[in-house]
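The structure is given below, and queries will be raised subsequently.
Chain lettering (A, B, C and D) follows the sequence in which the chains are written, and residue indices restart at 1 in each chain.
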Amino acid sequence: MGNTIDRRQFLQSSAVRAGAVVTALGVDLRPAIAAARELKISRTTQTNSVCPYCAVGCSVIIHTLGDKARNVHPTVVHIEGDPDSPVNRGTLCSKGISLKEFVVNDRRLTRPLHRAPGSSEWKPVSWDDAFAKMARLIKDTRDRTFVEKDEQGREVNRLPSVAMIGGCTDTNEINYLLSKFRFGLGILSYENQSRL
Amino acid sequence: MTNGWTDVSNADVILVMGGNPAENHPVGFRFVMEARRKRKAKLVVVDPRFNRTAAVADSYTPMRAGTDIAFLGGLIHYAIENKLYHDEYVKLHTNAPFLVKEGFDFAEGYFSGWDGAAKKYDRASWQYETDAQGFAKVDPALEHPRSVFQLMKKHYARYTPDAVANICGCTAEEFRKAAAVICSTGRADRAGTILYALGWTQHSHAVQLIHTAAMLQLMLGNIGMPGGGINAQRGHANIQGSTDMGSWNNLPGYLKIPRANMATLDDYLKANTPKPLRPNSLNYWGNTPKFMVSLLKAYYGKHAAKENGFAYGNIPKPGETENYGWGQFFDKMHKGGIEGFISFGMNPVANGPNTPKMLDALSKLKWMIVVENFETETAAFWNAKKLGGKFYPTFVDPAQIQTEAFLLPAACFAEKDGAFVNSSRWLQWKRAALPPPGDAKPDQEIMSRLFLAVRDLYAKEGGKAPAPLLEMNWDYTNPRNPSLEEVAREVNGREIAGGRQLNGFGELKDDGSTLCGNWIYSGSWTEAGNMMARRGQDDPTGLGIYPNWSWSWPANRRILYNRAAANAQGQGWDPLRTPLRWDGERWRGDVPDYKADAKPADYGAFIMLPEGVAKLFAADLVEGPFPEHYEPVESPVPNPLHTNVSSNPMATVFHGPLDKLGDAKSYPYVAITYRLTEHFHYWTKHVASGSELQSNFFVELPEELASAKGIEGGDIVRVTSARGSVEGPALVTKRIRPLKVAGQTVYQIGIPIHWGFIGRVRGPLVNNLTPSAYDPNSGTPEYKGFLVNLEKA
Amino acid sequence: MDKRVERFSAPERLTHWLVALCYLYAALSGLALWSRAMWWLAPVTGGGENLRAWHPVAGAVFAVVLAVQFRRWAAQMKIDADDRRWLAASPRYAMHDETGVPESGRFNAGQKMLFWLQSSSAVVLFATGIVLWFPESMPRAARLASILLHPLAAVASMGGIIVHIYMTTIVVQGALHAMTRGYVSQAWARSHHAKWYRQLSDR
Amino acid sequence: MQTVAKLIDTSLCIGCKACEVACQQWNDQEYTLGTFQNTYQTMPDLAPNFWNLIKFRETEIGGAQSWLMTKYQCMHCADAGCIKACPSPGAIVQLGNGIVDFNRDNCIGCGYCITGCPFDVPRLSPKTKKVYKCSLCSDRVAVGLEPACIKTCPTNCLTFGSRTDLQFLAAKRAEELRADGFAGAGVYDGPGVGGTNVLYVLKHAGRPEEYGLPKDPTIPWTVSLWKGPLKWLGNTVFIGGILTALFHFVKFGPKEEHHRG
């Protein structure tokens, strides 16, 4: 009996928020206060997003802490299903519910890396150097191998010596930009995960 | 998906075959459970493994990997034989009454028109018999011996329950039981759905397999019906959107890539704008010129003018019969024919077939650019000898690999906005929650800065064929890092004069006055704003059509072919389950897959097809108008139907030194690869939670095989194919049954994917084993049903 | 003045008091764990977490030192015919009517009983205490048995200890002194342990 | 005041493990790596940093191949053995809504609750010397959110609500299963411990062992004996002993040397 926080004790407890909380769960929740632990998402910013894993398309709510003030980098503290979505109604699978571990992950890449021919390691490189080097390589290849006209003299404007893949993990808009990117260069060899 | 996730809850029967939604789409599977709860729906699972979907199913039938066409063909036979098909639907909404030209035939594994020397078909005999105006002739009674119906009936007469059992390895009784449930939906008041995934697409006869499923569903009157359809459960968040935006053979919106023989835009439009095959065919692809010209305007802006064919010449063009698909370009790379390779978030060393060949191909590159969240096996392929050497005995040291590689850190989903298209074709907008870590950047910035850097070099130095590059429109407010909202508005399309956002593809013009990045997405960002970000909860039909939640292509239509859910009078086959009905003046319910103001009798229900009706007989596929059971490229038995033509005669197979195929003598067991619910693809091996749920690679094998080989659960086994090997502990189970096939016992082995030589948890790459054999229509590799040997390591 | 007789050697006394000290701590902290009504002893004995840590240590030290004591005294603790008669007469002994109560040796039968009670309960307490010390690595059956046997043995032991303390501090004047200082008067020895006294005198 | 409960309809569990991970995430547990055990089960048993485990069992019931998946965690018993065994006041509390929650500030790590639990649920962490188990997300429930495992469950296998409602729902589900041909279907709610606030619907309710659930869970008799009769026996001994001594002292007092001859 001494272990039961009964209603009277609850009402007397100064640590407890006031006001009745009878929710859609159909349960009077007032006595269920756990004073020991603050709700970890009580002070978060919520952002609506969509799970990046499979194509069920579950909506998620990303809870971040940190107000983006000058020295504050927001960080994800929790990700949970979005109850508004008719697809998942707040539910998520084992992968989706642990998306925080994907975003906040010490294995994430955080700077551009370069591997020189014959080398056995990555070396950090600045973005500017990387872009300059990559652009030069692309242009050299394109200038050397671009096919304006095929054997029959027909205009084909293609770059057969560069292949490109990707996009299935990215948004429509990026995929659209990818199509401009590859047709700009003349790349035909292009596939995404739907091929596999 | 023709119907979408939420609609699955309307089904009476759910056939899960070639997929495992309980494990791989658990949240989508909730609608299966809802159908069972709400409608007492029956869940039928047909799969090589008694998996977690089977664990909660009403019926489970085991089968041999790669024999799905036999099973489905058997169902078609069963439906016809027992008169279980939906006769009125078949007559109204399919090409069953169409007459096929004289000369069409199937014998000894080949359709008519086979050219043994060229190893391909002349499809002339697969065409409809047409009248003077070019319209197909029909027999509404379906009795003409050359009617599609009669030809189909004859074709599948061979697929008796006994024949199915002999091929698939289940018993004829098991087949009949499953068939009775599945074919019970061939009535107006019942609907059945099919859920499939890579278990159907990863075959050397994949497209035919899905065609068979579509045929079955058409026979049962389930296409267009709520709770019906054939529903592909796609495996990546935006694999649908990525496909919608084109691949090597498609421009955005499934416009075909121009070929070298189509020198001008007119040539292209002539070749790609179909003519109606029936008087009542709406033939919506007849609007191709509007879609294409608007796309060219979006691509080339002011450089696209009527006079220059809207800069059509800038689009790269393959030769008429050339193929630039996955199998082909990696083969070319392997032969040293490719210098540069760019990967935006893909990991071909892990997910492509035949990893030893893949590694070899990448090592021939001059340069490679990989944009990723994590270091992948592809990015670090040059280190494979050190990291995964045991499995790559012939792969070379880094010092011998001259590929210059860049690994660029990209923002992840939470750090970017933009839209993903789910399996239901819903475009769901997401918002960025935080900036990327460290020096990582969003993909659009990486791509744009690279593109602009190349373009600057051309502008400064000149070079070969600068026009396609310089004329490509990149005129965004911030070209170095375009706002995805701005890009999304361009994709939706607008009037060039005045800039009004279009309401839908109906407003597109072929005179250059509109631009549109992808016609099927037109309507996603109108003057009313971002339709993809809508969060409306209402479901007016009560059928799980949420018209105001996000936006669905095309035209916010949630159930494709929904006109077919209604009869000739426009009234629903099932009055209690009708997504669309004609009230005498207009169509009500879902956005009609039909001309909105046309009467029920005006057009055929399948407006995208020149026939105006759905195709049971489809001449577009390369290996025949009717699907036929062909064995996988590597098979434990010769095809019981025609031993001389065992596997798909049109399958794409390579024959280089690293492309070996194995035979049943050396590699007696059938292997399948698949995902587990614990992991997502090759990503979660980097993630702590997935690593905990299943830390170890393993090989699943039947108890009987294990005991014959003296293997106990946990023993390390080695699995070998003609390409390579993997090693790991054995999971010995009753859940994979030995099968009796063509008089012999066939064992199947299950090998989950998910591990690799880089990650928080590591294990062998299963694609060390898989063959470079592909479906000829779609180019998907055969990961289900290849041959291996197994021994205790 | 009476001649003094050595009753307990210094090592005997040291062991006894070490045992007593450990016992006292284990008993008080054990009482805190015994009943929530006794939880007020928890702060006294170091607080919940500390007493959880220290109680088994005290118990273990108790067991080790008790083992030393056992080796030293066990031979002297054999129950003989006189002891049995003593026990039969013990109610009279308790009421200070010692007619018919046989003479005692170095330890009277009551003390011997106490010795055996404490030694046997210590065995149980030690064995079950080890189980309760590391519950996470013990089989469930052992834990289930221990959770009952440990307090059961403690109850038995403490019942004996109550008698022991009462007897040695209040009833038998001089007994405490014997254990603190080590010697008793001849008269005391003769009075309480006549047989032992005679043995000493004979020597 | 209503008692809350969790309903686990095992006939709907697909072993997707979302509940396992939801629990790990919400409680910020440290993830660990496992060794291969010839099973799909995440780990052999519950752990101090793993409070919610789906047990996988390949079996045959009535000739039918089955793969049973059963979520296992604290049952939040009405008559909780852990509380009964716990010596430290306030370390384990039964909230007014029936949740059996741990207040780890008061936990002394004695592990008695582990022994007292009929379901063998609490786990002692060797690192922190505290005991851990499911709290039915009392912090979430307090603000009107479902427990993390229940919210994430995709198949409706898990339901949260008042115990009365869920008892009704469970009975209805069992009846549906019986109508579907599972004659042995029924509800498991541990009458031996006064009912559990975690209810199960089982297709084979007569054979809970097949699911990894104890057949007739009761508080172990040794614990009951200890906390019942033994306590009285002990109290009698202690208080009786002292009172007897007092009585003796008053009546007889100390021995005097002259008593003896």
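The definition used in the following text is that a residue touches a chain if its C-beta (ideal position, glycine included) is under 8 Å from a C-beta of that chain, and two chains touch if they have at least 3 such contacts.
All values reported here derive from a predicted model rather than from experimental measurement.
The interface with the largest number of contacting C-beta pairs joins chains A-B.
Relative to the whole-protein C-alpha centroid, the nearest chain centroid is that of A. Computed from the mean C-alpha positions, the centre of subunit B lies at a distance of 47 Å from the centre of subunit D. A separation of 40 Å divides the Cα centre of subunit C from that of subunit D. Mean C-alpha position of subunit A lies 70 Å from that of subunit C.
Look at where the CA atoms of subunit A average out and do the same for subunit D: the two points lie 38 Å apart. In subunit D, the residues that touch at least two other chains are 16-18, 20-21, 24-25, 31, 89, 154. Touching of two or more other chains is recorded for residues 2, 79, 88, 91-96, 98, 101 of subunit A. Along subunit B, residues 26-27, 30, 677-678, 688-689, 693 each make contact with two or more other chains. According to the touch criterion at the top of this document, the contacting chain pairs are A-B, A-D, B-D, C-D. Those residues of subunit D whose C-beta lies close enough to touch subunit A in the complex are 1-2, 4, 16-18, 20-22, 24-26, 28, 31, 83, 89-90, 92-97, 99, 101, 103-105, 135, 138-144, 146, 148, 151-154, 160-162, 165. Partner subunit D is touched in their complex by these residues of subunit A: 2-7, 10, 21, 23-29, 31-34, 36-40, 42, 78-81, 88, 90-98, 100-101. Residues 22-23, 26-27, 29-30, 33-34, 37, 50, 52-56, 60, 676-678, 688-689, 691-696, 698, 713-714, 729-735, 761 of subunit B are the ones touching subunit D in the complex.
The residues of subunit D lying in touch with subunit B in their complex are 11-18, 20-21, 24-25, 31-40, 42, 58, 65-69, 154-156. Residues of subunit C touching subunit D in their complex: 32-36, 39, 42, 48-49, 51-53, 94-98, 132, 135-136, 140, 143-145, 147-148, 151-152, 154-156, 158-159, 162-163, 166, 170-173, 187-188, 191, 194.
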